[in-house]
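Letters A, B, C, D and E name the chains as they come in the text, with residue numbers starting at 1 for each one.
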Amino acid sequence: MATDRVREILSWYAGNPPGVLANMARMMYHGALAGTGKMVILPVDQGFEHGPARSFAKNPEGYDPRYHFQLSVESGCAAHAAPLGALETGAVEYAGQVPLILKLNNSDVLSKGENPCPALTGTVKDALRIGASAIGFTIYPGSGARNTMYEEVKELIAEARDAGLPTVIWSYPRGSGISKDGETAIDVVAYGAMIACQLGAHIVKVKPPTAHLEQGDAKKVYEAQKVPVSTLTERTRHVVQSCFAGRRVVIFSGGPTKSDQEVLDEQREIAKGGGFGSIMGRNVFQRPKKEALQLLAKIMEIYRAG
Amino acid sequence: MATDRVREILSWYAGNPPGVLANMARMMYHGALAGTGKMVILPVDQGFEHGPARSFAKNPEGYDPRYHFQLSVESGCAAHAAPLGALETGAVEYAGQVPLILKLNNSDVLSKGENPCPALTGTVKDALRIGASAIGFTIYPGSGARNTMYEEVKELIAEARDAGLPTVIWSYPRGSGISKDGETAIDVVAYGAMIACQLGAHIVKVKPPTAHLEQGDAKKVYEAQKVPVSTLTERTRHVVQSCFAGRRVVIFSGGPTKSDQEVLDEQREIAKGGGFGSIMGRNVFQRPKKEALQLLAKIMEIYRAG
Amino acid sequence: MATDRVREILSWYAGNPPGVLANMARMMYHGALAGTGKMVILPVDQGFEHGPARSFAKNPEGYDPRYHFQLSVESGCAAHAAPLGALETGAVEYAGQVPLILKLNNSDVLSKGENPCPALTGTVKDALRIGASAIGFTIYPGSGARNTMYEEVKELIAEARDAGLPTVIWSYPRGSGISKDGETAIDVVAYGAMIACQLGAHIVKVKPPTAHLEQGDAKKVYEAQKVPVSTLTERTRHVVQSCFAGRRVVIFSGGPTKSDQEVLDEQREIAKGGGFGSIMGRNVFQRPKKEALQLLAKIMEIYRAG
Amino acid sequence: MATDRVREILSWYAGNPPGVLANMARMMYHGALAGTGKMVILPVDQGFEHGPARSFAKNPEGYDPRYHFQLSVESGCAAHAAPLGALETGAVEYAGQVPLILKLNNSDVLSKGENPCPALTGTVKDALRIGASAIGFTIYPGSGARNTMYEEVKELIAEARDAGLPTVIWSYPRGSGISKDGETAIDVVAYGAMIACQLGAHIVKVKPPTAHLEQGDAKKVYEAQKVPVSTLTERTRHVVQSCFAGRRVVIFSGGPTKSDQEVLDEQREIAKGGGFGSIMGRNVFQRPKKEALQLLAKIMEIYRAG
Amino acid sequence: MATDRVREILSWYAGNPPGVLANMARMMYHGALAGTGKMVILPVDQGFEHGPARSFAKNPEGYDPRYHFQLSVESGCAAHAAPLGALETGAVEYAGQVPLILKLNNSDVLSKGENPCPALTGTVKDALRIGASAIGFTIYPGSGARNTMYEEVKELIAEARDAGLPTVIWSYPRGSGISKDGETAIDVVAYGAMIACQLGAHIVKVKPPTAHLEQGDAKKVYEAQKVPVSTLTERTRHVVQSCFAGRRVVIFSGGPTKSDQEVLDEQREIAKGGGFGSIMGRNVFQRPKKEALQLLAKIMEIYRAG
């Protein structure tokens, strides 16, 4: 079952305890892309982040967190990510059927402050207790509260590492330091990805970046050095490069709901640019199950080919 | 004594230690609704939350916390909930006669800040020491201090779980992020209920929601997807659905004092919508005892029939 | 549901945390003898103590620990006592259906030393985790290792008390200090019972004593003071008196398998002598289920009448 | 020496460890009011709270903390309360001559912020070390820092209880939530007293309330329910009722220096309203010793008669 | 991938944290017997237990612990068990390729005392760090030091459970309480298996029992009740029954080196008797690799058919 590609990827993480590698391997040897070094992950923190109706009214089966477990299992996702409460509903029923990533912090939109910062809603002990293969954590580079998040994740990565668990960082720049367009600007996304790597992330999750350049000093360099960022393929390549020259697994979120064609086009560009995979929520679970499975199958086919 | 319905409800909580299930069962096999999977709980945190005269002057017997123990026992409530001091007055005299829920945080109205946050007034050790069957905790989604509450309850749920105690979360959205009307808006109540579930609540308590829609992004979805929320029955159904598709026990508070007819009409709608029961304070203990017992009997009859 | 008799018994334990009283009450308000202040408990530590075939070959249904849960529930026992592993097999399935007593130490007969001493096989945390209402502990007064046991139980009682759990002490004198006959001699059994009380036991379990007098100095006093110990009724009365003048619940084990008639005669004498009940294992679970239930019903009838 | 009245009062605290009751009894069986269930306590935290000259210049003997010990002993006070430093000066010399209450937090007036909060200046270990019979703690309901105080006292009560020590809470509403007049308003004082009880106080100390009603919502209820609060006797009765229907010992402070006649009139009304006694500082120790002793004797006479 | 049989087996462990079930599932869904509920495990603690030459001279490739990892992976074993040092040699290279069981205690034969007791050579933290799916522990019922082992494993099971790891107990009766023949006597092996279950083992490993009956009291019962123990099939059935009526996974060791035929005959009887599988060391790794793989394939075929 072991493949050279997975062995190569694991070699980038040399020096981590064997348990961290074993759990990385568990995800990379699981599901439809097993052994390819590519990962498609189903994340379902939408309920916490946007509220139940905005997340699930379109496809009401999704109100039951076990529906998402079932989707992850049937589609052959490499892992299933969610907050604690949701994972606990299916952790016994689906024990051993799909690697789990426990999201340890989460935000809601009932209260909005100037310095966005998710609440800690789970622990490394919870991750072990429910049998998760990794922890997940969101940082908001650009927020006035970024240090709180960076320092929290520093502690959690260390604790998780001792427990044999790798860490997936959701790097979502936002806050008073960044414009709305800037949140997905290529310079900002690449910067956020690198911060995640520097903090010790084993896997980094970013949003697909746009060609916008947010920061003046950065813009000058991108232009002077003619860094190619006009296509998503080029931008993906730049983000991958920004993650220690491609020696960290970086995957891309799906963002707001769009058509099958749009999703697949985006994924093709990401795959072509060297992206390691997709972590797509709303575009999956807001579709009827049959369509969701078909879409996931097509996405996985893209990465298998890529 | 064991019933299929209670067994089914307990199955939703698989993965919890047996003690948590045993204490859930203790409440569900106790009192007038024993075995139905429905719960009517008498909460008496009013004294702490609103002060003594506002709470008890109308029916001065209520100044004695043992009066409320007696009410809970005589009426056959599934549990009796109160802060530490009040529970300690009757915990010996009523030992073993009604399951207790120790409210671990409480607010008073002598001081009002922008970011409401209750004080921790009890511990899991207190709950064990006085023989409680669960802990209770209030969160205010929408408050600028919500992260403090979410993180406190995360720790308490974990400690309580290890000690075999389930957690009841009072989810009361309020604070600078939400208008006064928004506190009971259906989108907000459903969202608050889901947050409680995601945090790991075993039982969720919410206020009966109104048809108001508070948040713009949510409103669009409710309208686009035609989520029916015009009657309390429909809104209850939506809240129940938002609690992991009905796989968490969610009960509804009684709110401000109103007529018997109004109380019973409200309860009928909640029962019809699939609500698991009622946690009603003022509308019970501010009535003379005889009337309170009659009202509780009628409410329980509604849930038994439902 | 509350009765004067149970209230009276609980008053003997004033000064304990309410949780200890609540758990005492849970056992005394449960099952066929609810409210009488009498208790019949089903103990199944036989498998550990004597091995599987000696315990269960006669009635092979007993190999499954859930069979004993079912017996306890159907017969209406006040509690079900067993070691950790056995209780874990049924703690979820029978959650809330019968109070559990977790035996925290156990002996096997594969190794016999001069100074018998059971091994600690569970903890107070285990008791909480599985939802037990009490801990159980065996002491061997007369063993050269008695201090180990006394000091272990001193710590466990304190920890259990803080957690709201009462302690049942199995007081079984044995060891180099006592002859085989002496193990059930009235002077020795009464002495062992008092030691359990002095150590802080809430409930004491002893073997039905014989008229034998083991210790010379004691014998002189029994004879000089004409302490009546010729019938089991008299001996029971003496043991009850030795437990703080009857202010501690003391119950009697069933001993080796015997006929229904013998069992019932013994129980009648114990009930007449003021014994609080029976904790009978082999004589129950080595009979076919139907007979076991009939026997338990008759025993409970004796205590209800008594 | 034991009296039915003290036994009755102790019964309200059932469930506490015997040591807490023993220390309550030590105070109630000590001094001039021994056995009556009434208590006059001499508190000397004035030096810390107002500075030395404001406290003691009028009667310079008071600069020596042992002077206050001597006053407490000679007058037959039930207890003597002070901060750690002061108690340490006389704890050896007066060992065993008067029960001590160690005030564990104290404020000074050198710094005043918006959210008043006393400093922790002693520990439960200190209380044990110096042989105190209780700990004392001040809360400021109405302060923005109230949660800090509530959470501190929650921990201290638990620690003290385990050590067999009862807790006296000085409940002094103040802070941005309350006007200056509101600090002694009857609705606020009654509310503050109830909060102290809910937090687990064994003895509550409040200021004699005025007829002012501070909070709009409360005022409506007092008027609608015609709660009588026009005389101090009536207001005392209301405060006592607000302390779990009179099942917690509540005592009243003396406030600013006034004439003997004013002091005694106030005490008569408090006694008539069911107050359990007086905890009076400045009005005692700022008088010459002889006058102080005479005043205390008259006050005690009022409570003995009442 | 999930099968009804594995789901059924996992249901026996209800009440364990989901992580324990997930790790049980990881082993039962891995390798050549994935999904059957049967397990063949390769244990290599021989080096520690018997010394290097006695273990590996016959097939010197075995001196390298990675040889055994490779054997486990190639043969499709459900898990690979060894002491810490050995597992660390291959944990990185074989990360994610076979579930690991970390043996936490081990004995050597350089020193033999009267009361055999293995040394603790690893920790639960080690198990997590290297990514193991279970811990292993050896008990010697019959040893004068059995209490030490029982109490050690009690603590380790609790710690491992919290970390989501199941426990495999090697139950090997030996010591002064048992004759050499008695170590594999059916009464003793069944008793040792039951003790492991009572202590909380998730998986029990025993030696294939002989028809010898060691203990007098037990022998009487086996004969009186006509418990069939003349064939290995019958004895396996009796051991399975002694493990909570078959509700715990019990697997059988291979013992001293023997011919292929003997090994396979033994395995066939164990499979027929309901044994859950084999944990065979010397008979595997002392054969040349090719023969070892063939033998393992044949054994797995027996269990797949059974």
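In this section, contacts are C-beta pairs under 8 Å (C-beta built on N, C-alpha and C of every residue); 3 or more make two chains touch, one makes a residue touch a chain.
What you see is a predicted model; the values in this text were computed from it and never measured.
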(message) Please report the minimal path length, in steps, between chain A and chain E on the chain touch graph.
(response) 1
(message) With a step meaning a move to a chain it touches, how many steps does the shortest path from chain D to chain E take?
(response) 2
(request) Superimpose the Cα atoms of chain A on the matching ones in chain D and note the rotation angle, 0 to 180, in steps of 5 degrees. (result) 140
(request) For the pairs C-D and B-C, output the one whose chains share more C-beta pairs in contact. (result) B-C
(request) Would you kindly tell me how far, in whole Å, the mean C-alpha position of chain C lies from that of chain B? (result) 39
(request) Report, in whole Å, the distance between the mean C-alpha point of chain C and the mean C-alpha point of chain E. (result) 36
(request) Round to the nearest whole Å and give the separation of the Cα centres of chain B and chain E. (result) 48
(message) I need the residues of chain B touching at least two other chains; which ones are they?
(response) 14-15, 17-18, 21, 88, 91-92, 125, 130
(request) Assign the assembly's chain-to-chain touch graph to one of these shapes: line, ring, star, complete, other. (result) other
(request) Report the complete set of touching chain pairs. (result) A-B, A-E, B-C, B-D, B-E, C-D, C-E
(message) Help me check something: in the complex, which residues belonging to chain D touch chain C?
(response) 14-15, 17-18, 21
(request) Over in the complex, which chain E residues touch chain A? Could you list them? (result) 1-2, 6, 10, 14, 17-26, 28-29, 73, 88, 91-92, 94-97, 100, 125, 128-132, 162-164
(request) Quick one: which bits of chain A touch chain B in the complex? Just the residue numbers, please. (result) 47-48, 50-54, 57-58, 60, 63-65, 67, 83-86, 88-89, 91-93, 106, 108-113, 117-123, 125-126, 130
(request) Give every residue of chain E touching chain C within the complex, in rising order. (result) 12, 14-15, 141-144, 146-147, 150-151, 154, 158, 173, 175-178, 187-188, 190-195, 197-201, 215, 217-218, 221-222, 225, 227, 238, 241-242, 244-245, 247
